[in-house]
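Shared chain: chain A. Partners: chain B in the first complex, chain C in the second.
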Partner chain A sequence: MTTTRTHAATGTGRIGDSPIRPDGLLKVRGEFAYSSDLWTEGMLWGATLRSPHPRARLVRIDVTPALRLPGVHAALTHVDVPGAKCYGLEHPDQPVLAFDEVRYQGEPVALVAADDPETARRALAAIEVEYEPLPPVVDAEAALRPDSDLVHPGGNLVRHVRIRKGVHDTPDGVPELPEADVVVSGEYRVGMQDQGFLGPESGLAIPAADGGVDLYVATQWLHGDRRQVAASLGLPPEKVRLTLAGVGGAFGGREDLSMQIHACLLALRTGRPVKMVYSREESFFGHVHRHPAVMRYRHGARRDGQLLWVRAEIVLDGGAYASTSAAVIANATTLGIGPYRVPYVAVDGWAVYTNNPPCGAMRGFGAVQACFAYESQMDKLAAALGLDPVEIRVRNALRTGDTMPTGQVVEGPAPVAELLRRVQAAPPAPPTPTGDLRHLPGGVGNTTHGEGVVRGVGYGIGIKNVCFSEGFDDYATARVRLELIGGELTASVHTAAVEVGQGLVTVQEQIVRTELGVDRVTLRTADTSVGDAGSSSASRQTFMTGGAIKAACEQVRQQVLSRLSSAAAANPAAYRFVEGKVLAGTEVVADLAELVGDQPVEATAEFRHRPTQPLDPQTGQGDAHVQYAFAAHRATVDVDTELGLVKVVEIVTAQDVGRAINPQAVEGQIQGGTTQGLGLALLEEIQVSNGVVLNPSFTDYLIPTIADTPPMRLEILELGDPQAPYGLRGVGEPPTISSTPAIVAAVRAATGRELTRVPLRPEHIAGVTAAGEPSPGER
Partner chain B sequence: MHLNCVVNGEPRQVDNVWPGESLLYTLRERMGLPGSKNACEQGECGSCTVYLDEVPVCACLVPAGQAQGRRVRTVEGLAEATQLDPVQRAFLEAGAVQCGFCTPGLIITVHDLLRRNPRPTDEDIREALAGNLCRCTGYEKILDAVRLAAAESEVR
Partner chain C sequence: MEFLAPTTWQDALAAKAEYPDAVPVAGGTDVMVGINSGRLRPSALLDLGRVTDLTDWGLDGGYLRLGAAVPYRRIIEELKDKAPGLGMAARTVGSPQIRNRGTIGGNLGTGSPAGDCHPPLLVCDAVIELASVRGVRRIPVTEFFLGPKRTAVAPDELIAAVLVPPADGPQQFAKVGTRNAMVIAVCSFALALTPERGWVRAAIGSAGPVPTRAYTAEQFLTEALQQDGFASRSGRGDVALPESVVRRFGELVAAAASPIDDVRGTAAYRRHALSVLAQRTLRWAWESYRGRGDRCT
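Then we have the complex of A and B:
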């Protein structure tokens, strides 16, 4: 199926329809309970004291002045953490509350609980902390040199990933690459992007009679949180019960803990419910960001444009703590040459500790940074050979059966060339209407009436892995129950899978309706009383939790059929469940409600994707990924070449989604993801100077508004992956990856400038500062 | 201090309002009306947009005391208990809601736009909504929702 139109909510709510989302009514009425909306009788407000220094020795903390204030009920430091002093998603290196040394600006140092937020604020101000500031380690490349100060005693390297495909290194470690007709090289930089989810980090912790705690929180992974929270509280996991509160967006930024342990510590200390809500400024310090990157690439090609080899070196600044840096650098490197067939590949990537803000998961997860570099290189190669930018990509496009740099064979559809052809074939964007400033770069700022404005068009394509990689035991759990409630057949679904806005709740209902032929489906609130669903990340949740629900429904059907007859149970494939009936072929053989009767049918299923392998540490070889996903973009821009201002006129996206379980939600993912890539191209950067964040607010960190965002045309392919439930392919991340290089390519086309760093800045676009050179005030 | 104002048509009195408190805080934490959202509390994101005497404002930028004797209308008061305003319905049908954190503020802003300009062009919509950030949708389906709400208002 191809679609270029927008779906209104339609259909009967089965797979392929776009029903109204079940949480939608509450959301449009303002009645949906987000984590920051929670309230309970007698609750206290928690707040966090954070380090003003990016690196300092912690000499002394005295919380007693805070405790003397009326209305203050607790003030805690690291000595009050009863369990593990450090936590972390992959490597527990991040202190719950700092001890000995602070390693980034904004690191939590102490906590208070008070009657109201203002009293809590005053209590934080009363805490006395003596720091001995140390010179911060702020340059990721310098941090790898032997003479660098150490951020952690074990050294500044989080992980080095080394990939060699068909390439051997000389004895002194230089990859030996074959002779190429043409070689292009470049150094590319990506700034630190923020997830900018709108709902602040927040939650409510309630102490329980059994000595445990109940935490209502916005997160991406309830069980992942529970594991870390329980360890630091020194409690068995069953005494730490998490329930999902409404999530106001995530985009990777809620995969690491923020206030979870803190709120629980305060609740257990005071014996009262404690709510914590970050301000926007605090949120910028309260979650990890997208890794800034420095990437050096060389591409060698034949005269006809066919790629012969790629040499890439990628350095990601992981900041003060490990978070998911080890997995991010694996993605950046294993996907580091893009969706192209290349016989000889040598890629090295390093994730590095510094005293900059910690970086971890953000939509695209390493694939974003690499894509900006490899797509910039493809354009450079096209220019060197006098080829069309789409043509050079198509000539090198990855196809089914090709091998990745890891040696992994690409299975299933890999429509790289087709996606490129489709965005190229879309009608050109209309010319800029005259007479309305709102169409021009600078808009109603009245900076131009068209003089100096030049149009440019650019292309990009990216590749992303779906699900967790490198041998991780990745699974999801779902419980499905079929029963009569008030005489009406009802299916209920219980999972721990997190709805972050993407529409998972809708998809869950659609799958159950399709599998069980039942109209009425209810979703239980996600919590930890059911098995792990894994994280709502890596574009995996429809694949994984969708797969688990499908499997649980199949078990329910099996149980129902066994009530029909042993013959039916032995041949379940012969029966379909449609509109409350059991059908054999087209013949109705039973009424589902009668078979269920007063005996509910229930099944719990765990779903695993096919196993993956770790990467060989020497060669980077291994079948590390589950599924690859692809999206291509064409961007059209108008650039005020004198002032360096850009108006994105239109973006065309083509993406293969395997199967659109919910077409409207798929479109929403593509449009939203594309826009976040636009933000990285033109607007969004956390500016850090000597370890200090300069712009922790929506006044100074600019996420795209509706005036910055263009009309978007979509080409959605449904080619079906035989290895995935319903043939679906993860949707959320691919559109975020290549809109950035497509927009930059369009600006290059308009200006003729090299533009090697994102986000683009007016001084680079207008040529005031040389392309890629640091601007005044930049670290 | 005491605050007396009319919220969603009902006279309300709140005691012990702190002088530095925002109208947003009063609505969310003292009146049980958390529908107006707290995404930035800096007047940048529009998620807290409410009507103050039928003029849309960022409730985070209005000191609570300024609402004394005035009428406040929030997303919770836009339609009768079991009803939906056409703007709310259009947001649902167009798929303009993902995480939904921007939705209450956007619905007030769009409601206001359509009262002033029942047939807005796309440029009018973009200009009117430029103060409301959405991080999920890329705005395309929000534009669809506004067009849909405008078309439906015209039919009625």
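Then we have the complex of A and C:
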């Protein structure tokens, strides 16, 4: 099915419909309770003292002046952490509270709990900390040299991923690549993007009578948090109970812990509920960011444009702590040449420790950085060969049955060429309307009435893995219960899967309605009293928790059928549950409410995707990924070539989603993801100088406004992946990946400049050198 | 923290005299950001929201008189013909919410080099009226800005009004920001043209410690217009400005700036952009003076 449409909320709320989201009205009315709205009687306010230095020896901390202030109930340092002093998603290397050395600006050093936020703020100011500043390690490439200072005693390398497909290295380590007719090379850089979620890190910890703690928090992964929180509190996991509080966006930035352990420490110390809410500025220091990247690429091709080999070197700046860097570099490298068929591949990637802000998960997770490089290279190759940019991509497009650089065979639909053809075939963007500044680069700033404005068009396509990779035991749990409540059939669903705004709550209801044929579905609040759902990341939750709910519903159906007859139970596939009736073929054989009666039916299911394999450490070979997803973009821009300002006129996106469980939500993901990629192309960068963040505010960290966001034409394909529940393909990340290179390609087309770093800056687009004069375009 | 809420201007001035450390609040779009971020911890807030005379505008002698608390939205809707440069600047400020709350007096009170009202006020020779229990004084806007976020307002004074001579020729304002809306100026430029009186006013924002007039550029253009007799020629419709004049004007505007490299842009880019803006706005102003102005709003 192909669609070009904008959905209104429609249908009866089953799979393929777009029902109104259960949280939708509350959110647009401003009535939804976010984690920062949590409140309970007698609660204290927690606050965090953070290091002003990117790197310093911690000589002395004295919290007693803070404790002397009236209204201050606790002031804690690392000595007060009863359990594991360090935590981390993959490697526990990040101190709960710093000891010995601080490794990035903003690292938590001490905590206070006080009667109100203002008292807490004064208490932080009263804490005495003596630092001995050290020169920070800030250049990721230099950090890999043997003479570099060490950020951690074990060395500055987090992980090196080495991939060789059909390529051997010379004894001195140089990959031997076959002779190519044409070789293009380039060095590309990506700045540090932030998730920019609107709801700051926040939560409420309540000490419990059993010596444990209940934590209400906005997160992406309740059980992942629980594991780490319990370890640092020195408590068994069952004494640490997490409940999801309203999440105001995440995009990867809530996969690592922020205030979770801190609030619990303060609550357990004071015996009082403790709330913590980061300010906007603090939030910029409170979560990981997208890895800045330096990427060197060489592509060798035959004269007809067919790729022969790709050599890539990728360095990701992981900042002070590991977070998910090891997995991010695996993505950047295994997906590092894009959705192309290439016989010879040599990719090396390094994730590196520095004293810059820690980097980890953000929508696209390593695939974003690589895509900017490989798509820039594809355009360069097209130019070198005099080929159309879409044509060169189509000639090399990955197809079902091709092998990735890891040796993994691509199974299921891989419509790379089709997606490209579709965005190319869309009608051209309309000409710039006159008479309204908002349609021009610079907008109402009134910087041009058309002077200097040149239109450009660019293309990009990307590839993303869906679900967790490299042999991780990735599963999700769901409990489904069918019962009569007030005489009405009601299905309730309980999972620990996190709604981060993506619409998972709606999808959960749709699956249950479809599987069980009931209208009334209630969702229990996500918490840790049910099994792990895994993280709301890697575009996986509809696949995984959706899969678990489907499986639980199948078990419920089975139990219901066994009440009908043993024959029915033996042949469940012959029965459908529709509108409260059990059907065999088209014949109604039972009324569901009667079968359920006063005996509720309940089932809990765990769902696993097919297993994956680790990568071979020498060759990077292995079936590491579960599913690949693809999206293509065509961007049309108007560039004020003299001022370097850009108006994105239109974006056309084509994406295969396997099956659109909720078409409106799918469109929302594609529009939002594309816009986040636009932000990386043109605006969004945490600027870091010598380890210090220069713009920790929305005044100077600019995310696109609606005036920057163009009309989008969407082409949604539903090609169905046989190995996924309902044939679906993860949707959330792919659109973020290729919109960035498509927009940059369009700006290159308008300016003739090389533009090898994102976000683009006006001075780069206009070619203003330090001397102040524009350099000639390179067209 | 004290919260002072006078309902009359006299009470407001008395309160400011009694609490010179009190921070006035008009729309609060700067003050509240400061308080929320923890950077601002005033001992007292002086809310001007109940002083209704501050939100009015009217005519005062030859001047258009804007009460200090007139918000951007009203400047855009009601004054864009009387004070076109200011109207264009107001249109570039923030978002609809900010334009509803934010005021011209607040922009002056903050005194940021990037304040969008400042260049248009500089090019129309606006006068700022300051008041205290000691009395009222009027100072030219050129004497208002003393340094980054430092102004001529004395501790016991409040900004009462902004006095703007009515426009007698084309005015322009242009602002470069990296985002197409809701953005602090990387640099901005305002121009007022009244060739009959032989003068030109040009002003630069966000490219130096204070918003500033570009005097050399003004003088050059004024002389060029007079020497070539543009201004005196009747039937003004058919005279185009020589490109060399336009370009030189741009260069001189750029030279008048003293920008720095910061997170919003480089000094070199700011100079370059100012030169482009000066040339473009000069062409637009000249075209509209010749009666063929394209209206693009």
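Note that the second predicted complex is superposed on the first by the 767 of 779 C-alpha atoms of A that agree within 3 Å, B and C clash if a C-alpha of one lies under 4 Å from a C-alpha of the other, contacts with A are read in each partner's own complex, and residues count from 1 in each chain.
Here is the rule we use: a contact is a pair of C-beta atoms (placed from the backbone, for glycine too) under 8 Å apart; a residue touches a chain by one contact, two chains touch by 3 or more.
The structure displayed is predicted, hence computed values, not measured ones.
Who does A:Val444 touch here: chain B (first), chain C (second), both, or neither?
both
Is A:Ala707 touching anything from chain B or chain C once the two structures are fitted on A? First, second, both or neither.
both
Figure out whether A:Ser279 sits in contact with chain B (first) or chain C (second), or with both, or with neither.
both
Is A:Val247 in contact with chain B, with chain C, with both, or with neither (first, second, both, neither)?
first
Look at A:Leu682 in the shared chain and tell me whether it touches chain B only, chain C only, both, or neither; answer first, second, both or neither.
A:Leu682 contacts chain C only, not chain B.
Using the touch definition from the top, say if A:Val500 reaches chain B (first), chain C (second), both or neither.
First partner only, chain B.
Which of the two partners, first being chain B and second being chain C, lies in contact with A:Trp39: first, second, both, or neither?
first
Examine A:Glu187 and indicate which partner it touches, taking first as chain B and second as chain C; both and neither are also allowed.
neither
Quick one: name whichever of chain B and chain C touches more residues of chain A.
B
Quick check on the superposed pair: does A:Gly30 touch chain B, chain C, both, or neither? Answer first, second, both or neither.
The first partner, chain B, only.
Would you please give the residues of chain A that touch chain B in one complex and also touch chain C in the other complex?
279-280, 436, 438, 444, 697, 699, 705-707.
Please output the residues of chain B touching chain A within their complex, sorted ascending.
Checking each residue of chain B against chain A gives 18, 20, 28-29, 32-42, 44-45, 47, 74-76, 78-79, 84, 88-89, 91-95, 97-104, 107, 122-123, 125-127, 129-144, 148.
Inside the complex, what are the residues of chain C that reach chain A?
Within the complex, chain C touches chain A at residues 36-38, 88, 91-92, 95, 172-184, 186, 254, 263-266, 268-269, 271-273, 276-277, 280, 284, 294-297.
If you look only at chain A, which of its residues touch chain C in the complex?
121, 279-281, 434-438, 441-449, 451-452, 642-645, 647, 682-683, 687, 694-695, 697, 699-700, 702, 704-708, 761-763, 766, 768-774
Write out the stretch or stretches of chain A touching chain B in their complex.
6-9, 18, 20-21, 23-25, 27-34, 36-37, 39, 118, 195-200, 246-251, 277, 279-280, 436, 438-439, 444, 500-503, 664-665, 667-668, 671-676, 697-699, 703, 705-707, 709, 711-712
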